[in-house]
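Given below, in the form of structure tokens, are the structures.
Two complexes come next, and they have one chain in common, chain A, joined by chain B in the first and chain C in the second.
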Partner chain A sequence: MNGRSPILQLRNLTKTFGNFTAVKDINLDITEGEFFTIVGPSGSGKTTMLRMLTGMESATSGDILLRGTRINDLPANKRPTCMVFQSLALFPHRTVGQNIEFSLKIKNIAPDVRKARALQLMDQLRLPQDYYGKSVTKCSGGERQRVALARALAYDPDILFFDEPLSAIDYKLRKTLEKELKDIHRETGKTFIYITHSLEEAMVMSDRIGVMRAGQLVQVGSPQQIYGAPETKFVSEFVGDVNVMAVRAGGAATVHAAEFNIDFVSPSVPAGFAAGHLVVRPESLRFLSAHNEAQNCLEGRLYNEYVLGSRIQYQVRVNDHVFIVEKLRQQAFTGKLDDNVLIGWDAKDSILVTD
Partner chain B sequence: MDGLTPRWRTSLIWSWTAAMVVFMYLPGLCLLLASMTSSRYFIFPINKWGFAWWEKTFASLEIHQLFRTSLLIAFCVTVIAVTIALFGALAFARYDWKGRSIYQKIVLLPIFFPQSVLGLSLLLWFNALGLTMSWQTAVFAHLVWIVPVCTLVISIQVYSFDPALEEAAFDLGATKWQVFKEVTLPVLFPGIFSGALFAFLLSWGNFPLSLYTTGADTTIPEFLYAKMVAGYTPGVPVLGTVSTVGAATLLLCGYAIILLVRRRRAASEHSET
Partner chain C sequence: MTISKLLAPGTRHAIPLVLFLLVGFAAPLLAVIGFSFVPARSFSLWQNWGLGNYIEIFNSTSYLSFLWSLGLAAITVLVLAVICYPIAYGLARVFGKYSTLVTLLFTIPLFVSENVRLYGWVLFFIKNGVLLGTLKSWFGIEPESWLFTNGIIVWGMVYVYLPFMLFPMTLGVSMVPDQTRDAAFDLGATRWQVFKEVELPLSMPGIMIGFLLSFVLAVGAIAEAKVLGGQQIIPISHDIEIAFTYAQNWPLGAALSVLLMLVVGTLVLLVLRRFDLDAILGRR
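Up next, the complex of A and B:
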């Protein structure tokens, strides 16, 4: 992606509804051909932001630049972008073929050319050719997803937007479709902008992720960065389980956790750091047989055990604080419930975050 | 004893159902029977069967004129009511706007007016405005009552309409008009069709509003009433039967059209695969 020019640039993009600011001062560059995902809890403003980008909602202030041209006032039907809706919004009175060909029919393209294009897209999206004349209401959930995507691709947009299209799909099919979508992204080379409330979904597919909270982008980075180096407690808690301890500044590379009345060895403490949180992922925590096996150590009681399949998760109670420890199945811990156990981690496996 | 209970239950259900059917359709049947007499008066049991009054009725120019007036009014009411009600229903159920809840109540209110009172008050208004009563004023009077009903019928369809469909079409490059023509209208068609049937049938059978507002023009229900009050002939049940059967036929035709459209869609699906 290096060296490629930005396709979409957002400059101080803001949207207010009366007194409520839904999207606040967003600045973002999205690169040509990128798979960019915006993640956030419901009400974080991600849908409003997407609707501004597609042209279905107008921006209160700020600029949306498409390849350098301001497109704020361009209506949705004139923008070279297309969206896959959360409800998919397939036309129920039309067949699979007619749905896919809709934009081509609007452009007055000859029926045989339309049909050829539709069949080609169906082939690309692994939809059987004999579905061409099938009513969309008779398609399964996964097939409907593919029809919606084919319909959007038929428009040949520069940017494809996705508004949580997989949220209503069951787990197994969702995993398949996530991978297919990533394949389609590679095959078409188009820019994909995806929104979801599931960071897990975002990490599987995206080149970069932007985390939204209360109308603002709080962190933008690769899936690795978002998972491995969250800048705030909010981002760290957004994916999977996480151990978070309230700490305040101690020495140059130590922080004090009042809850346990102990100093932890931490990653280097930035200047001006007063208080924040120390974050340790469950897979970075491990059971110890002696205090000195890790830089930081706590003693607690093994409280519960959950089999997650390939991994096993343990709950360890230290005072009233519940820690989560995860191990791969083959390295399962032999301790029994209610045993006193030692858990620990090294400073390099922890992250110091603000707020 | 135990074995009898379900049998009893079944027979009770059946006799109740049969009683309801007889109760609902016996008057219609009597109407038909009353029309098939050759005598001048309404006498049961019928002593002289015959279709003389059917011939007379169909030959009558006056009756032809009645049909023309009733059809004309019902046709105009249907077209205007459906047009107003479609957009009314979109405002009613599709868009969220300030004052919508008041609008919903105001629109539905005329359904609850007693029609005879509504007819009278409309007559007073028409007079005050210096209008001459004719089939045109009757169309207006019918609309006052039928547009709300029609709006309600179409609204039911609009409530199940996903607004994202319109956005998707717009997003795919369609103009506002294309969105309406290609998506909104066809998706709402079943509701519009039932609305049109309702409008036609309610206008066709309406008596109280027509009574006050048709002036010199006469509709079939008005004529039937007048003849029953004074000057009964077996032509009355003939006309009543024809009018009822006509309405029923229209309903069945509507149903048949919907079935046909569905089958044709299914067939085209088949041929394209």
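Up next, the complex of A and C:
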């Protein structure tokens, strides 16, 4: 696998339900062996898009190309792709082994070959071998997750789809399973296409992330690009806490924030930029002891602090605007609540985005 | 210890229900069982009990009535299964907002007495009736009437017991989660394999309840053979009715009833053992 050639190409993919456009004009190339995640809030069309890719929903217009061949009209049971469902959709009347072997039984593969393959997959996914005859309904959440993944892997698909399979699992187990899934991705070398509403989850696992909003892909890039260089306010706000200030074009390297009646030194202002937002991540904001310690500075009141374990967040209010400043625990700020404080940042740590 | 147990709130609150069940359910049943052992044509329980009634039944041709009842019920259930599954599937998955309307159409006839509905069918099928009269006046053809044949009895039973198969079956089909269907399809199964491997086994609890309900009711059917079948066939419940009324032989009727309960009870238990309903239902 050279990891370069596209395995899945979407060309102007669109899906409408009556007057409602669920997925609008998507163009995307997914590379062989890639872990690609589509992120978006609920109702952004990501599940509809996935259902089109798996063949459970037909596209209204546009093309889906698998290794160059148009597969729009290929039904789900003929596509070399497989999906892990949000509900997992395990067969409750079957054992762990029968669930994993389902696709092999469908293909009329001999029982002993099926069993050997199932046990091998169970081993790979760290399911105890004596679970083979256990009813899936008696398995725990994490075990069921692994059974669902094993069942999909047994199909030996070219692409594995995931429809938020971890959303119903508690935080700690989810963190473990996220990493396990990324390990499985490395071991199998298959193309994974994952859907989630959590950009945090997406960043842990993905090679590339596509952010969806109202049926459109608004930005595609590596986790670092999505986090560090969001192109719109929507994308910037999608990852955790963020400080956003409305600005309009000022000088060559400044923007004007009417709210504070101040000009901020900003990263290069693109030609034609009229108005947008200046984004500063909480960890890029600093407490200052003097105005000249940073290129941009604001004076406010320390309103509250939140301990997040390894990090501490401070809420600073400038007029009515709430800013979040984040420090590592070892570098905790020593100010008291209701103190007047100076916060600031350098232009290189801020991002200028459009709406 | 025992007293405090007896006075436990749970026990105390269960007493009215237990009494109600004893009086309303167990007592008549026990009376029937008791009557089956007293001498023929007597009307008191306090006599020398014996097996005379049962011996009489086994020396008679009553077994024919049993066979007719069981056979007609079995055929009815099979026909119902074939007819009802597609309708149940439609109600649960296809008709959408119209399924309430379809459900109503199947329910409304239940508001009319069974006998009235059956006489309606007599008018429909009788010579010079709705069907044959129309055929005669419009096309000039005069086929034999189907009334008083075994086929029309099955027709009547299927018609009367359809809701008892349809609604549990609809429940069963709607219990199958959509995503398990999608998952099976996605894993390469054909439509038939999805049905065989996923839909049918997962809707089995509802289907089994429909089978049992309609079978038990159909074994006790009497009006269809009387009204539509013209008494050419005597089902077991008709035998029991005759024993209790015209023949004034309560003990014989009671013995027949006990045998019927034993036969049906055994069949139901066998089916329930084969399909562990509790296990299938309890898994959800």
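Throughout what follows, the second predicted complex is superposed on the first by the 352 of 355 C-alpha atoms of A that agree within 3 Å, B and C clash if a C-alpha of one lies under 4 Å from a C-alpha of the other, contacts with A are read in each partner's own complex, and residues count from 1 in each chain.
Following the convention adopted for this analysis, contacts are C-beta pairs under 8 Å (C-beta built on N, C-alpha and C of every residue); 3 or more make two chains touch, one makes a residue touch a chain.
Only a predicted model underlies this, so the values are computations on that prediction, with no experimental measurement involved.
Record, for the superposition on chain A, whether partners chain B and chain C clash or fit.
After superposition on chain A, chain B vs chain C: clash.
Counting only touches as set out at the top, which of chain B and chain C does A:332 meet: first, second, both, neither?
In the superposition, A:332 contacts neither chain B nor chain C.
Looking at A:116, would you say it contacts chain B, chain C, both, or neither? Reply first, second, both or neither.
Touch partners of A:116: none, neither chain B nor chain C.
Contacts for A:77 in the overlay, against chain B (first) and chain C (second): which applies, first, second, both or neither?
Both partners, chain B and chain C.
By the touch definition at the top of the document, which applies to A:95: first (chain B), second (chain C), both, or neither?
Touch partner of A:95: chain B, not chain C.
Touch check for A:106: first (chain B), second (chain C), both, or neither?
Both: A:106 reaches chain B and chain C.
On the A-aligned overlay, A:137 touches which partner chain: chain B = first, chain C = second, or both, or neither?
It touches chain C, and chain B stays clear.
Residues of chain A that sit at the chain B interface in one complex and at the chain C interface in the other, please.
On chain A, the overlap between the chain B and chain C contacts is residues 54-56, 75-77, 81-83, 85-87, 89, 91-93, 102-103, 106-107, 135, 151-152, 155.
For the complex, give me every residue of chain B touching chain A.
162, 164-165, 167-175, 178, 182-183, 186-187, 189, 265, 268-273
Could you please specify the touching residues of chain A with respect to chain B in the complex?
Chain A residues touching chain B: 54-56, 75-77, 81-83, 85-87, 89, 91-93, 95, 97, 102-103, 106-107, 130, 132-135, 151-152, 155.
Using the touch rule from the top, collect the residues of chain C that touch chain A in their complex.
For this pair, the touching residues of chain C are 177, 179-180, 182-190, 193, 197-198, 201-202, 280, 283-284.
Given the complex with chain C, which residues does chain A contribute to the contact?
Within the complex, chain A touches chain C at residues 54-56, 75-78, 81-83, 85-87, 89-93, 102-103, 105-107, 135, 137, 151-152, 155.
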